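The first chain written gets the first letter, and so on, giving A, B, C and D; residue counts start at 1 in each chain.
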Amino acid sequence: MHAKTTYIAQVLSISLIWIFVIAIAIWIINLLLISIELKDVPGASIGISIIVIPVFFVLAGILTYVFIGLHKEEKKIIKSSQE
Amino acid sequence: MPKWAMVIDLDKCTGCGDCMAACKLENNIAIVSPEEANVGRVMFWMDMITTYEGEYPNIKVKRIPKPCFHCDNPPCTRVCPVYATYKNDEGLVGQIYHRCIGCRYCMVACPYTAKVFNWYEPKWPDEFKSCLNPDVSLRMVGVVEKCSFCAHRLIKVKENADMEEREIYDGEYSPACGESCPTNAIYFGDIDNKESQVYKLSQSSRSYREMENLGTEPKVIYLSKRE
Amino acid sequence: MRDLIKKYFKLLIISLFVISVLIFWAASGANPTNIQPIAYNHKLHIESVELICSDCHIYVESMPSATIPNISICEECHSDDPITDSPEELKLIKYIVEEEQIPWQQIYSVPDHVYFSHRRHVSIGELDCSECHGHVEEMTEPISYPAWLPSMDNCIACHNELKITKDCLSCHM
Amino acid sequence: MPKNKQLDFGQDAALYRPIYETGKGFYITVCVLLAVYLWALYLYITQVYYGLGVTGMNQPITWGFYIVNFVFFIGISHAGTLISAILRLSKAEWRRPITRMAEVITAIVLAIGGLHPILDLGRPDRMLNLLSDGRLQSPLLWDVTSITAYFTASTIYLYLPMIPDIAKLRDRGTKLKWFYNFLSWGWQGTAHQVKVLNRAINILMVMVIPIAISVHTVISYIFSMTLQPGWHSTIFGPYFVVGAIFSGIAALLIVMIVFRKVYHLEEYLKEIHFQYLSTLLLIMSLLWFYFTFSEFLTGIFGSQTHELHIIAYKFTGVYAPFFWGMVICNFVIPVIILSFKKFKTITGIMIVSISVVIGMWLERLNIVVPSLANPRMDLPLGIYIPSLVEWALFIGGIAVFMLGFTMFAKFFPLISIWEIEEGRKESIKDVEKRLRSYLPGKET
C-alpha cells in the first residue's frame, strides 16, 4: 500500500516535468505565432523555437527513460523475491 | 503612408528652452524634485544638450534641443521583450506604457539617451494638477516613457481630415514644441512628401543628423552652419 | 487538535470552495438593479416620439464623445406640466424645476490611456450604434450594464474583422 | 567525535555524518542566513512599493547592481555542471569527490541569478506579459529560454547521479524514509539499473556542455547586441564564457575549502584536488587576461571616438579603482600565488579564489556601468552610487546561496558516495587498462 502511494507520487512528479516541458513548448509556439502575425522578424523566432523545443523534450525524455528503466528492474526484483 | 519628421534649425534656435516647457506641459511629464533631478532622474522628453567649448573668456556655448529621434531603424524596438516599444507604419516610434514591464533595455540600447524612466510614482504640484492635458494619459511608476512626436495630436488631426474628407495639409500636424517655438526653428511634416517644407529643408546643405554612422536613420534633422 | 483538523479538513476545503463559487456566481451573474436616477424608457422615446440617437446624444456624429444628454435637452420637450402620468416623469420635472442636472451613471467608459472617438466610428467608419450598444430601441428599462464590453480584446476582434488598423498609437496615447 | 559512532556508518562515515548529526552550528547558520534573507526581502518589498527610485540607478546609468549581479551569479553557476561534465567526459579520475559540489553550486546559483532580472523590473506585476506577448527577437527572451533550459538540465544532471546515494540513505533508514524512498525511484543497484543510469548521465553530460556555453554567450549578447561603445563587440560571447568558468572554479574552490573544514572531509578532498583545480584556475586567469587584453587593444587601436572615450574612462575615470582592482584580483594575485609552489597551499588557494570571485564581480561592474555612464550624446557623465536596497539584495542573494547549500548538505551527501566506492572498486583496474592502451606494445 505504502509502496503504491510512493509510486503514484513518483509518476505524478514525472508527469509534472512533462507538463512543464509542454507548457514551455506551447509558450514558445505562441510567441512564434504572435511574431508571424505581427510580421516581427519571424525568422529569429523560428530559429530559436527549432532549437529550444527539442532540447526540453530530450531532457524530459532522459528523465523518463531513467524512471522507467529503474522501475522495471525494481518490479522484477520484487517478483523474484516473492517467488 | 506619410513619414513624419522634424527639422530643427539650430541657426534660428536661441536655446531659450520654450520647447522643453511646452513639451512638459503638453505631455503631462512628471515634475521631479530638485534632489531627484540632481542625481540624474530629471524627466524631459525634449531635452536640451548644452556643451561649452573653449575657456573663459572665449566660451562658445552650444544648445541643441533633443527630442526622441524616431529612428527609421530604431535600436530600442529591437530589444524590447514585450512589444512595449515599436515603430508604426508612419515611422513613429511608440511607447505603450501599459504594456511596459520596466526592464529599461530600450533605454540602454538607445544611443541618443532619449528615454526616461519613472523611478517613483509621477507627481505634480497641486497647481499643475488642474492643467493636466486630458489628451495624454498619465504614466505610472516603473515604466519607460519618451517623446511621442505628440502622437495624440496626430489622432485628432487625422480625424479632422477624415471628417472633411481631405488629406492632412503640410504643417497641420505639429508637436507642441514646434508650435511653441518663438523663433519658428522647429519644422514638422511629412518627409516623404516632396512638396513639404520639411523635405525641402532636409535637402539643404546645412542639414545633418546625429550619429549617422550608426545606421539608425534618425528622423530629426538638424540645420546648422557651424561644425 | 490534530485529529480534529484532519477530520474536518476536507469539509473545510469543500465548504470554502462552495462559498467561493457562490460568491463568484453572485458577483458575475446577478443583474444590478436599476442604478439610474430615472427609469428612462428608450423604446418609448424612439417609437412613439420618433427620436433618433443623435437628437439627444447630440455630439455623437461630430465629436469624440457622444455625451450623456444635458437636462436642457430634456427641457426642449418636457416642461413643468407632465406629458404622461408616469411617476418617473415627475422625477424629471423635479430636476427641471430645481434646475439641477440628472446624475446619470456612465455605463460605457474606456480607461484614461485609451482614445475612443464616436465620430471616428459613427461618421467616418459609418458604424451603426447598435453594433456596440445593442438594440437600444427595444429597451424599456434604462441601461445599467454594457451590452458590449469595451475591452481591448473586443476592440481588436472587430478591428481584425473589418481590417482596420491595429496600430497601438491609433488608440493608446 | 566519539569513535563508536564511526563504526555505524562504515567506511565513508565522514560523508554520512553531516546528515545524521545536526550540530548547534547548523541551526545558528540557518537562523543567521534566514535573517539576512528576510531583511533583503523586506527591502525588496519596499522597492516594489515605492518604485525603483529607492535604488541608485538614474537616467544614463539605467542598469546597476541587479544586472551586474545577474551576470555575476550566472557566471558562478558555470562552476558546476560545466566543470563536472568536462571532467566526467575526459574520465578524469580525480573528479569523483568534486562533481556533486559543483553541480549543487550550479543549481542553486542559477536559480538565484535567474531571478535577478525580475528584481530589476520596474513593474514585476507585469511579468506575465512575457508569457502572453513576449518577443523572441529580444535578447532578454533568449536569456529566459536558455536559462530555463540550463536550469532544467543542470537539475536533472544533479539529480540523476544522486539516485544511488539517496537509495543508500533510504536503506540506512532515517526519519525521512518516505522522502528518500520517493526520491530513490526504486534503485536497487542491479546491473541493468547501473547501465540505464550511466547511459542517461552520458547523454546528459554531452548535452549540458553546449547548453551551459550558450547560456553565458546569450547573456553577453544582452550587451553586445546593443550599439553601446564598450559593449558592441564580437569577443563578448567567449569572453563571458571564459570569465564565467573562471569565477565558477574559484567559487567551487571556496565551497570545497569551507566544507572540507566544517565537515572534516580532508580524507576525500585531498591536496591534489586543490592542486589540479588551481592549475585550471591559473590557466583560466591567463586566458581571461588574454581576452581582456585583446578586447582593449582592438578598442584602442581602432580609436573610434566613443570607444576610446570609454576605455580612457575605465582606465582613469571615476571607476578606475575598480578597473585596476579587477586587474589585480583577476590577474596579478592569481598568477603570483599560483605560479610558486611555495604559495600554492590551501590558504593560498583560498586567497586566490576569493580574490578571483571579487575580481570577476568587479569585471561585471566594469562592463555594465562605465559604458552607461558615458552616453554617446554630449550629455553630462552619469554617476552611480548603489543604495542600501541594492546592497541588501546582493548580500541577500549570497545568503540564499549559502542557505541553499547548507540545506542541501543537510539532506544529501555532498560527495558522491557511490562514485567514491566505484572508484575504489573499479577505477584502479580501469585506469591501468587505459594506461596500457596508451603505451606502446600489445594490450594485455
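In the analysis below, a residue touches a chain if its C-beta (ideal position, glycine included) is under 8 Å from a C-beta of that chain, and two chains touch if they have at least 3 such contacts.
These numbers come from a predicted model, not from an experiment.
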Check: interface with higher C-beta contact count, B-C vs A-D, is A-D
The chain whose mean C-alpha position lies nearest the overall protein Cα centroid is chain D
When centres are defined as mean Cα positions, the distance from subunit C to subunit D in whole Å is 58
Between the Cα centroids of subunit B and subunit C the separation in whole angstrom comes to 38
CA centroids of subunit A and subunit D: separation to the nearest Å works out as 26
So, in whole Å, the Cα centroid of subunit B is separated from that of subunit D by 44
For subunit A, residue numbers touching 2 or more other chains are 40
Where subunit C touches two or more other chains at once, the residues are none
Shared-interface residues of subunit D (touching two or more other chains) are 133-135, 137, 141
Per the touch rule, the subunit D residues reaching subunit A in their complex are 131-137, 141-142, 145-146, 148-149, 152-153, 156, 160, 163, 178, 181-182, 185-188, 190, 192-193, 196-197, 200, 203-204, 207, 211
Subunit C partner, complex, touching residues on subunit B are 86, 88-89, 92, 94, 96-98, 135-138, 148, 151-152, 154-155, 159, 162-163
Subunit A contacts subunit D in the complex at 2, 6, 9-10, 13, 20, 24, 27-28, 30-32, 34-35, 40-41, 44-45, 48-49, 52, 55-56, 58-59, 62-63, 65-67, 69-74, 77
Touching subunit D in the complex, subunit B uses residues 36, 39-42, 49, 51, 66, 75, 78-84, 99-105, 107-109, 111-113, 116-121, 140-144, 210-211, 214, 216
Per the touch rule above, subunit D residues touching subunit B in the complex are 50-53, 56-63, 117, 120-124, 126-127, 129-130, 133-135, 137-141, 222, 225-228, 372, 375-379, 382-383
